[in-house]
Every structure is written in structure tokens, then in C-alpha cells.
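For reference, the structure I am asking about is given below.
Chain naming follows the written order as A, B, C, D, E and F, and within any one chain the residues start at number 1.
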Amino acid sequence: MFSVTVRDHMMIAHSLRGDVFGPAQQLHGATYVVDASFSRAELDADGIVVDIGRAIEVLHSIVGALSYRNLDDVPEFAGTNTTTEVLAKFVADRLADSARAGDLGPGGADLAGIAVTLRESHVAWASYERAL
Amino acid sequence: MFSVTVRDHMMIAHSLRGDVFGPAQQLHGATYVVDASFSRAELDADGIVVDIGRAIEVLHSIVGALSYRNLDDVPEFAGTNTTTEVLAKFVADRLADSARAGDLGPGGADLAGIAVTLRESHVAWASYERAL
Amino acid sequence: MFSVTVRDHMMIAHSLRGDVFGPAQQLHGATYVVDASFSRAELDADGIVVDIGRAIEVLHSIVGALSYRNLDDVPEFAGTNTTTEVLAKFVADRLADSARAGDLGPGGADLAGIAVTLRESHVAWASYERAL
Amino acid sequence: MFSVTVRDHMMIAHSLRGDVFGPAQQLHGATYVVDASFSRAELDADGIVVDIGRAIEVLHSIVGALSYRNLDDVPEFAGTNTTTEVLAKFVADRLADSARAGDLGPGGADLAGIAVTLRESHVAWASYERAL
Amino acid sequence: MFSVTVRDHMMIAHSLRGDVFGPAQQLHGATYVVDASFSRAELDADGIVVDIGRAIEVLHSIVGALSYRNLDDVPEFAGTNTTTEVLAKFVADRLADSARAGDLGPGGADLAGIAVTLRESHVAWASYERAL
Amino acid sequence: MFSVTVRDHMMIAHSLRGDVFGPAQQLHGATYVVDASFSRAELDADGIVVDIGRAIEVLHSIVGALSYRNLDDVPEFAGTNTTTEVLAKFVADRLADSARAGDLGPGGADLAGIAVTLRESHVAWASYERAL
């Protein structure tokens, strides 16, 4: 199995609901360094998993739509705790939508899976992986 | 599949028995930067894999019990080579015990697996992963 | 010249005032990975720059007081843009106060300088250094 | 499952054929930081996955044979795009050959799999994993 | 003293002339991860060293002009060994030109210095710093 | 001013004497990732600060002499606390000796300074810099 990963980041504000979050129930924020991995059983005729230029653009578009925002005010997340885990799935699902829509080029149709890791600090991160 | 990872570290002395270890048969030491990952198929009602505060505490308790010690003198490792691989399994198994004992909170019962990576330098590391 | 550096982090929300900040004028947030360096011309009798345990505690206390907060609501920053540069100076000045107050132990009196770096992402950071 | 990873690097020139590569169709180059992982279900009698000294030597020999070269002129790659993905597979397959040839020591025969990651920058990398 | 640093990268081919370079006399290549630091004694009225958005753009323009090229064919480097040190100075001097030309905004005139680090691998890098 | 840095590492055991060290008074150990920087005002005729191949060899020789040892038993450190700061100075002074002895090549005579950083974990490091 092959995979290719590209990195971007986003800086957001949010608060989390639930006693388990302790002080993170207050409005605070995070820089998420976002690693998006695309996997595929065999390479295409060019010898690649996916057009990395398109992958970078698509990822930047997805994280850019959330960047410099207070996620508490983003309608898509109404009623949802925007935990690192939830955001990793959100980015992965948007990437899957993009792959199916052809935004990653023709090779996007042959991807086996997508994995997204959001690093919230030098000591904590979360990942979500899914098939395509 | 979702996962959450937290990082801690420990600084220990030890020696290794066996010709394969060359100069590492002498008493020496290591800083292990320890990454503990918890995985789970679906998030809980709070939108998390595990209470990250508890995960940090439990990991710190496990590595803290080994920190600043000569592992050659630790009874639990008598007759065992404390290789990076062995220590990765040791930490993972202690984390699994903690999950079963409820130390990670009620969500610990729904974890699918645990993976532990010990980085011994900028150019070498070992991992162990197991189901729960 | 010797120096010792310890790392911690904080996760905050804030907004910045001024056209130069573009979308960062909106309420958003950041994880700052904070590196605090203490320098000294000669080591003390124990062979150290500063008691690293105390340095870690003092730094944690300073960043902990800002963690999980919206800096727009913190009285100390009223009328001030909480840029990465400004926050680096804030942390360095609090560390200097702590050194003078003896919170770093007796060796704190012999420190030559303090430098603080705040990493806001994998591609941007800011530093402030000052004499003591 | 256990794994051990060692890191090395190589600095090469190459060009890529195909419109998808844009400016990378021109002769340019890369530093690849190469992570080679060896996995195994159970540890050997010494408590290790593989003799790490031998693993380091074998990896160094493989990347050393490509280092400081223009891959466009390397006969083994004639007619092949030397993408990061292709090179990850090349290194993994050479490591598998070495394991089967006994170059990793007797433990090489018990390896379950090999994974190779080539980091081409701080924001992009590719991996290939295979069974043994 | 304050400083702000931004990171970008470039992937180039080149060869080096001189016995001291050993195998690097052959045509090979490198990824340079480029850190550009701007320093200033006092912050401006917005609380910043420099407009970071402009700094990112200017740095990207400078490294982009070298990216995906064989430096042996770049007229500006005719007769010059494009060592990591030489390239660090080249980038720093272009940044200084940009600061003086106003490309970094009005604050560029108040910069005290520029430092550039080029990381050629995980185990080697070179820096050049200069006054403005 | 130019500088070039190379990275190596060493894994040692030791204990520290003095109440300030708390549990680190016990026999324990560390991996030190060692960064050695060489600085120089002007580049030599080849366009370099120092022969990086020789610098790597000299550094490896110095850290290799300490690797896989219990520093409590190394005669050179008798009566000395082998703190991270002390070891940074030790490595820097050995590098200075090597420069003066010609082990870094003829360019060693033109070096302005040497700086050494020892990273003992992902959250703590110490440095020593000196003129030549």
C-alpha cells in the first residue's frame, strides 16, 4: 500500500461543552497542524498516489474555510463539540467528498483511504482514518 | 477509526545482555519520548476517544514509575532485556490495565486498541500496538 | 555563555486590531508552544544555569494563567494587540519578575538574560530576548 | 505487533515526466529523509524486532547507493518516474531483499513487514508498506 | 530584541566544485527548508516586527525563483559554489533588498537584522545573519 | 556571520549530586541529541564555513567516546556533575581543541566560534557557546 501526506494548518477559536473538558469549556483556541494522507494500492501511470499539487490545494481550501474563525459560530458545527477528533473527521470527510467530485484529478477515484491527523500541540494530537 | 495520542518522556539507565547489542551491553542510558495512542471506532457522546486529561495523568504515572531509575535494578524487569521494544510493550500493557480498571474514565471500556512508540533518539524508535 | 531552555504550551483565543492582520482581525485562536531560555555566563556550584525543576514550574504557572482563555477579555491586555511578539515579551517579562523574586532559586539572581520563543504553527514563530 | 524504525537520508537530482508534475518536470532535486520500519509479531530471544545495528547499515547501504546522484542517469530507473512513492517502494523492496538474504541477521527471516517513508520537505512525504 | 520567523522550502539540483565536497561534486540535489528571521528593537504601533503576510509572500517569491531548477544553470550563480552557506546569504540579501524596497511594508525600514537558516537534512543546516 | 550545524547523539548513564536535582540524584540516563555549530565571519574559497564531512567525523568521535557509558565512571568527569550544561561545554571545548589541532581542515583556523546544544528530551535542552 502506498500513501502520500501533505501538511497545512488552521488557527481557530472554540469552546467545548461537557465537564470532561475542564477549563477547555471556556472560549479558547488552537493551532491545528493538519496532515492529510491519501492511500492507494497501486500507483497510477505517472507513478503517483495522487496529484500532490491538487491535494495541497484541496486541503488548503478545506482548512482555509475554518481558519481565523470562532467555530462556536460556524453553522456546520451547531450542536457539535468541535473536538480535535471531530475536526479530524470533518477534514477527512471533506477530502473524501473532494476525491469523489474529481477535485483531486482522475486518480482520486482510485484512492483506497484517507487519514487525517490534527496536531494541537507538541504533546497531543488526534487522527481519523476512513475508506473511500 | 479514531485515535488520540499524548506524549511524555522518561530518562533511565540500563544495560542489555546479548552480543547483538555490542557496546549497549555496557551500563548506559536513554531518554525515551513516549507517545501513547488510544483508538476507538466511534466517538463517545462528548465527541472524544478518551478523556485526554486522564490519559495524560495515567501515562505520566506509568512513565514516572520508571523515570530516573536504573532499570537493571527494577524487580519487574529481572531476567528481561529492557529493549525499546520491550519497554513499549510494558507501557502499552500498563495502559491497557488502566483502561480496564476504569482509570481512563467510562470511555476506557470502549477503546479498540492502544499503540505506544518510544523514541530513543532522532534516528531510532520502536512501537508496540495491541487490541483491548 | 550557557543557556537552558524548557518548553510548555498554551491554547488561547484572541482577535487582533489593525488592517495589517487581515482575517486574523476576527476572533480566532492559537496554540503557542513556548520555549523559555535562561542564560548565564558561568555555571553555579551544582554545574547548572538554573534549577530546571523550578524553571518548569514557573513557566507553567505563567502560561497556565493565560491557557484556555480569550485574551480579548484579559484585563492585563486591555488596549494591547496580543500578537505573538507581544506575548513573547509578556512571558519573558514575567519570567524576569520571577527570577528577581527568587522563584527560580538563588541562581536566578545570576542570570544574564531570558529569551522566549512562541511557535504559533509549524511555519511561523516569534521571539523576544532581554537582559536581566 | 512490534516495529522498529531507523532514519537516514539521501540527496538526489532528478526530473519527472508528465504534465501533472508542472515545474517538477525540470531537473531539480530533493533531500529525502528516509524512515525504514521493520515489524514482527513476537520479539526474538534477545527482546528485539531486528538487530538495529544491521538495520542501520543495510539502510545506509541502500540510500548510499543513490546519494549524490542524478537519478535520471541511474540505469535501474530508466523509463521510470522516480517519484517519492516509487523511491519509497524501491527502498522497501531492497530492504526486503536484504532481509531474505540474511543481511539483517537470523531475525530477518521472522519479519512480518517493512514500511518506508520518504520525507521530501516539512510539508510532504510518501510511504510504502509491504509484507515479507 | 524581537524577531519573527517564517518557514518555506525549495527543491533544487546542483553540483559543487572542489575536492572538499567529495561525492557532492556530482550533480545531485537538495530540499532546503528555509527559515527567515526578521529582528527589530521595538515593535511597531500594531505590536509586530513586520507584516507576517508580506514576509511570507516575499520569502516565497525568493525561494520560488530558485525552486525546481538546476542551480548550475542559473546565471546569477555562474562561477559560484551554491553551498548551503552561499544560498543562505543569497536569500538573506534578497530579503534585505525587499525590505529596503518597501516590499515588507513601512515596518521594513525599521528592521535591525535578517537571519536565514537553510536545513538540508535532519542532521545538517547552515545560517547567515546580517544587519540591515 | 555564517554558521554550519551538524547533529549527532549519545546515550549515557549518570547520576547528579546535589539536592537541587531531586530524583535525578539516582542513577539514570539520557539520550543527548547533540547539535554542534561552527561560525565564521567570511566563507573560505570553496564557499563554506568548514569541511562538513570533517565536522561530522570530529563530532562523532567526541560523542562516540562518551556513548554507551556510565559517566559516573569516566575519569575525566571525576568530581564533576555531568549536567547537560557541563556536557555541552565539554563537547564544545573538545571541538575547539580539534579545530586548533587542524582536525577540521585548514578552515578550522578561521572559525570565530563554536556553539553546542544538547537536547535531553522534547521539552528541555542546554547550550554552551564560546569564541575560538
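Assume a contact is a pair of C-beta atoms (placed from the backbone, for glycine too) under 8 Å apart; a residue touches a chain by one contact, two chains touch by 3 or more.
All values derive from a computational prediction rather than experimental measurement.
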**Message:** Keeping to the contact definition above, tell me which chains border both chain C and chain D.
**Reply:** A, E
**Asked** To bring chain A onto chain B by a C-alpha fit, how many degrees must it turn, rounded to the nearest 5?
**Response** 120
**Prompt:** Which chain has its C-alpha centre farthest away from the C-alpha centre of chain A?
**Reply:** F
**Request:** Could you grab the centroid distance between chain B and chain E? Build each centroid from C-alpha atoms only and quote it in angstrom.
**Result:** 41
**Fill in**
Per the C-alpha means, the centres of chain A and chain C lie apart by a whole-Å value of 30
**Residues of chain B touching at least two other chains** = 7, 122-123
**Item:** Residues on chain E engaged by chain D in the complex (per definition of touch)
**Value:** 7, 9, 11-14, 23-24, 26-33, 67-70, 120-123
**Complete:** In the complex, chain B touches chain D at residues 16-18, 20-22, 80-86, 88-89, 122-130
**Prompt:** In the complex of these two chains, what residues of chain E are touching chain C?
**Reply:** 1-8, 43, 46-49, 51-53, 56, 105
